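Shown next, in structure tokens, is the structure this report addresses.
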């Protein structure tokens, strides 16, 4: 029996197709997983450029790879996307994680615009784009440092807000614990959070909401 | 100017009425807040029985108090509730927090049944009630100890799942950090979490989803 | 030689009179310190109502005690105060610490108004009072939970801003670490912080600024 | 007197032959230990491929090295193995540690099959192999992330279950603390754990059980 | 449907009867659980004397309560016990947890002697009783402070050794983290551990070994 | 709309010009920010020599780069500086952070001398320069290890004292937590602190004081 | 066999008589230990006044109890003491621990004077008594908060210096971790430390030095 | 004034010559310090082989460098050493730190033998060399992992015992916190500790004892 047991039924069961976290896996392991996938769609996350470069030509040819988000699509083009959640991003350094969320949503069939550089140190930047943000039915907020943006934005919109703390920062913010704590201890009611740097997880949470409440996509069918 | 500046517009802005966290507030402060509220609805959370008992007769008379969840309603009867999220609860000791979530949802206009005692140490208990759980459009999961129920349930349902880690446990689980970590580090994609023991916050997150996606209630109007 | 060696020269050396932290001291120790003080002024902090009640009648008579801030003045009336820093306070539960800061400033000769209940979950409350806050030459901000108010306010005013994280909160916010981290990891440049619940320390920092930059008081002389 | 004092009597005293943890030791130190061993059997763990490559030809020739588990056998072939514990492994990234456990058991004389890729996010994968797992008299479970597999499996089998948390994961799971906490705080009674990534230690614990309870091997004698 | 869903099949499935952790449960909840149990055996742990005293006369009458271990037996006399594991205990203050383990074993049908006051600061005390300890087929070690006894004993016996770190200690040992770390980081191979103060869990781990390897008891049948 | 939204109004609003933290930003991102700046002044911090070397010739030409502080000035010469704060530095290893503070002050228009190598292990070194230090109206103290210098110096001067804990140290001091704790828990009243290694933040705090209290500079105008 | 196995040979083996840590022991346990001691000397530490009061009249009569240090002598009068180490104490709140050290030394036969209230916030207080402190051959330093006194004093004397961090403090200093870190990360070479609040341990360390280096006492013989 | 202010009077004041911690210092900084030293003796610690190699030929020529301890002597030959403390070392991986202690003692004039590989997992190894160890007037113990050797040895000898926890270990032992906790929480009275990996600090503590108690050396004079 193979050592790889892909959960192909996951999309039917939970609405979210199987994804492969590439950190900690060797090139040989990733290629074996791709081989076992055949034509079936698979999302690869945290596939660093070096790791991508170490794959075989065949494997690289089959993947739609985006280095800025370290994600790759296998077996499913990201076309015909529906309008999806808004992704609000505190700083330039948080963009890689914001893009992981956007790509994960694209893989699932939704187009998610990124509103960048709206950290609370210059509150007017957020205010200037508030109407735009209020137009989304789900909002993903990506922030590092102390994560004050999570609380501020949650107090300004009525949509579900999903926080993605990032590992951007130094000193007490090293590794993202400060931003995570900022999200969990928030004084703004109804804010939820995922793990540090987990843009993929936030996208999945948004997909659960969108699919359950009527904007569902036929898996694999966005033409 | 008063020291109390209740955010009466919050419900209009974010869909969630102002609530008062009573922990750390004196009886005098709570009564002053109630007085400033007048007829306007207000949810009180973490109002311990001793704190409730120390309020004036007048204040106690005006409140619909539930000791098992340590919550009180002011100025709004919880009647005419719509069917709402399901609340899944790992153990008997987690019930107080599950009830805080249920009462917060009732205050907002939704009836949320509690499915109790379905911890993963006896997996059949969860399996026996899985069809029932799959019937909810939003699921709140309340668990202490290591919080393994969060991951297991997220892998079995396609609805949005909101974890509420509780402070139930001892040793490394003291204070709820183990359960919180279990939710954040979960291998099940799309799980989101709130702070430890924050049943109210999970309810608010559910309300954001329900109101935004068409099952909205007219605030204050559930007859 | 006495076991108590009060640093009577501290005010001359650092601009700040000696203060006594009463937590962890017995009634006998506090009374011995007061006796050794004689007529000289002394500020007592963290003198809990029970501890105050356990002092002798004589000691209690000589003290100007304020239970809401748990502070007492010995040997110096707080009269003829100059206009001083503004104290901005996120929530009702943070008021005790805000008052410790205000009382410490009053002991040193400055009147410090408290702007309360302006947490960022309802940003309009802060905005409504921003002009008032911008009128202060030094701003002390007191907040618990995630401390997002520190970053937001620092981005809005040009005065020195001193954060006082409080131990208000539960779960990951227990004990004030979340608010402290929020202050330290803040994305707003120029914010400084003191220890959790250290309203006295923030007042001393403000006094250092005010005395050094020309609004100095003759110690003991505010008539 | 040599700086290396190998505990050759350990196998007689505790049932487990001396092993050498190679992390933090120089090539010269490892070779000196091998030289002092002579013909006596020795297990080397955490011998990274680079460290193995830096050994002399002679040393490399004498070792039975397995890069996927970073282990090497010296002076004892792993032949004639008895059927041993089952090793259950949550994800592909945990395989290196699972193999360290399997190789350590092989060195002691037992064959331990690995059941891989049965994480709880897709519970059916575990259920499909439950009968097989129930056939083992001792079960070692290897998992990273939140380690929910530890609790779920412990509730399903009656054999002794030994958890090996791995350092696989990111954010709050970085370094393996989340999985370790998941094992320690487990709601499933009778689960025991070893240190993070300590596949060797789990194997030793299994050997203690197997030797004490009648499936003992004559040390060094598996023909 | 009741809120209490006792896992009556647990003993058949995992070899260990259901137990109720009484910490965090109200007297009403405990009595409801006892009522639902009827004649079926149930072990109650962490039933503090005050909590026991607050139960009804009826409930107290039905329980075999031992205050020194804070445990109670319901529906099964602890008679006709087989010789079982040895419990080695570092200091007098660790005895309550050692007794929790002994009582849990008695409930399952085994007699487990306690060897007390053999901490490593006076190594001769341990050495004096080493032959006796080597006579047990499973050894449970209970220690607080730095837990050095775990490593020392593991190096001296060949039986399975299960560590129970206790919360005895102060300063860096407060809450038992130092002893737990001492068990996990032990240099002695094959040591396993349970959560801090989890004497019950260690007993369950021993029961798994004893039942699986031929010294099994017919559940409920020790006459 | 661009992904970079520089807060050009920040200097007018808070007295401090926008700065760019280069850690975690790619060369392409830094160049895009510089391009969007045009002639407007910008401070770059944490621009490591390797990162600086990877910029285009054009970008490097436009920057006044100082490798010892890892800072660069864009669009504003640091000339005509006013006498500013004193920077007191415990050890040679803390100099890089002390220089980040000095360069940030120079960018804002103040000359800040560094008093180096005055750690408390040799107290006479500090005493020898105390008169000089007492001449500054604001003092920035930079120290790693246990940060005892923060407390000692705060007790000796009456100026505002801003602590900058550094990540210099090993063992329990790794990452700067020990020094940070030393600043926060200080027994010296009125000490404030910024995040670990945040020389820039301390400079900004000093600028807030200096600008607010009459030694203000016309932004951009120091000729 | 008794559960209490006092290590009567400890004084001969290590120079330090057996002591009993009373925290966590019941009155019955303490009395049983005293009974087993008979005439032999025993030091009791952390015997809180309430615990002392709960002992039998007989037990209390036999003890030389000092509430300010929570210590009691059994079977050995503290008379004919030799001049011993100096104990330097930062603040009034640290006195209880300083006295535990002094009483432990008296039990072993040395008189140890306490130099109190010499915290570094007012450095002159320490300097005023430096000659006196330099006269001791061993110095024990007791301090809470950030523990800066440890470093400062170590840099000023050439005797062995033993730090005792205390749990005095709040916020980040809660529980004594800040002071402990201050001792461990100290920039002053040759400083050693014991656990938080461990005045007894520091006394024992001093006794080891004094006995080994010629100022030894005949155990039990100080007349 | 130079940025380097070597504390040349330290040896006279505290008995210990100035040492330079090279971690975190550039080659230029180290050479500048050496230049300012001239003929005066200086000990360099943590001078990694790469850092040593990057020094100028001149600097390297003047240094007596030992790569296995990462120390270098400048200006003082280590000849004519007196018999000094014993250094007991748990495992091969701890030898680098043990050697740092031995070299630091040699620089100060004492010869300190290393007793290696006596970890408690094989207690007989320690017992076999106990008489030798009991012959030293001061004992330094170097151990990583859980540090159980600290407690065991302290209970067996009457000399002062100084623990040096090392960063050897993985999982919960990563970075040395487990060993440090083992030393601080030890049940053996009179044990003292220094920071993780601080072999130099333990040597200095031993020197303080040896110099104060009559085995003093004339600094710089060991011929």
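A, B, C, D, E, F, G and H are the chain letters, set down in written order, and residue numbers restart from 1 in every chain.
Keep in mind that, in the parts below, a contact is a pair of C-beta atoms (placed from the backbone, for glycine too) under 8 Å apart; a residue touches a chain by one contact, two chains touch by 3 or more.
The structure displayed is predicted, hence computed values, not measured ones.
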Chain hops separating subunit F from subunit E, counting only touching neighbours: 2
Given subunit B and subunit F, the chains that contact each of them: A, C
Pair sharing more residue contacts (C-beta pairs) when D-H is set against A-C: A-C
Copies subunit B and subunit C touch via same or different residues, half shared test: different
From the options C-F, B-C or D-H, the pair that copies G-H, where over half of the contact pairs coincide: C-F
Chain centre separation (subunit B, subunit G; CA means) in Å: 50
Inter-chain centre distance, subunit D versus subunit E - centres from mean C-alpha coordinates, in Å: 27
Centre-to-centre distance between subunit H and subunit F (centres being mean Cα positions), rounded to whole Å: 35
Touching two or more other chains - residue numbers and ranges from subunit A: 10, 13, 121-122, 154-156, 171-173, 177, 180, 184-186, 188-189, 195-196
Every chain pair meeting the contact rule: A-B, A-C, A-D, A-F, B-C, B-D, B-E, C-F, C-G, D-E, D-H, E-G, E-H, F-G, F-H, G-H
In the complex, subunit F residues that touch subunit A: 3-5, 7, 9-10, 13, 21, 23-25, 29, 33, 46, 165, 167, 175-177, 180, 195-198
Interface residues, subunit E side, partner subunit H - complex: 90-91, 119-123, 145-148, 150-152, 154-156, 169, 171-173, 177-179, 181-189
In the complex with subunit H, residue positions of subunit F that touch it: 92-93, 95, 114, 116-118, 121-122, 124-125, 168, 170-174
Contact footprint of subunit C on subunit F as seen in their complex: 10, 13-16, 19, 137-138, 154-162, 180, 184-186, 188-196, 200-202, 204-205, 207-209, 211-214
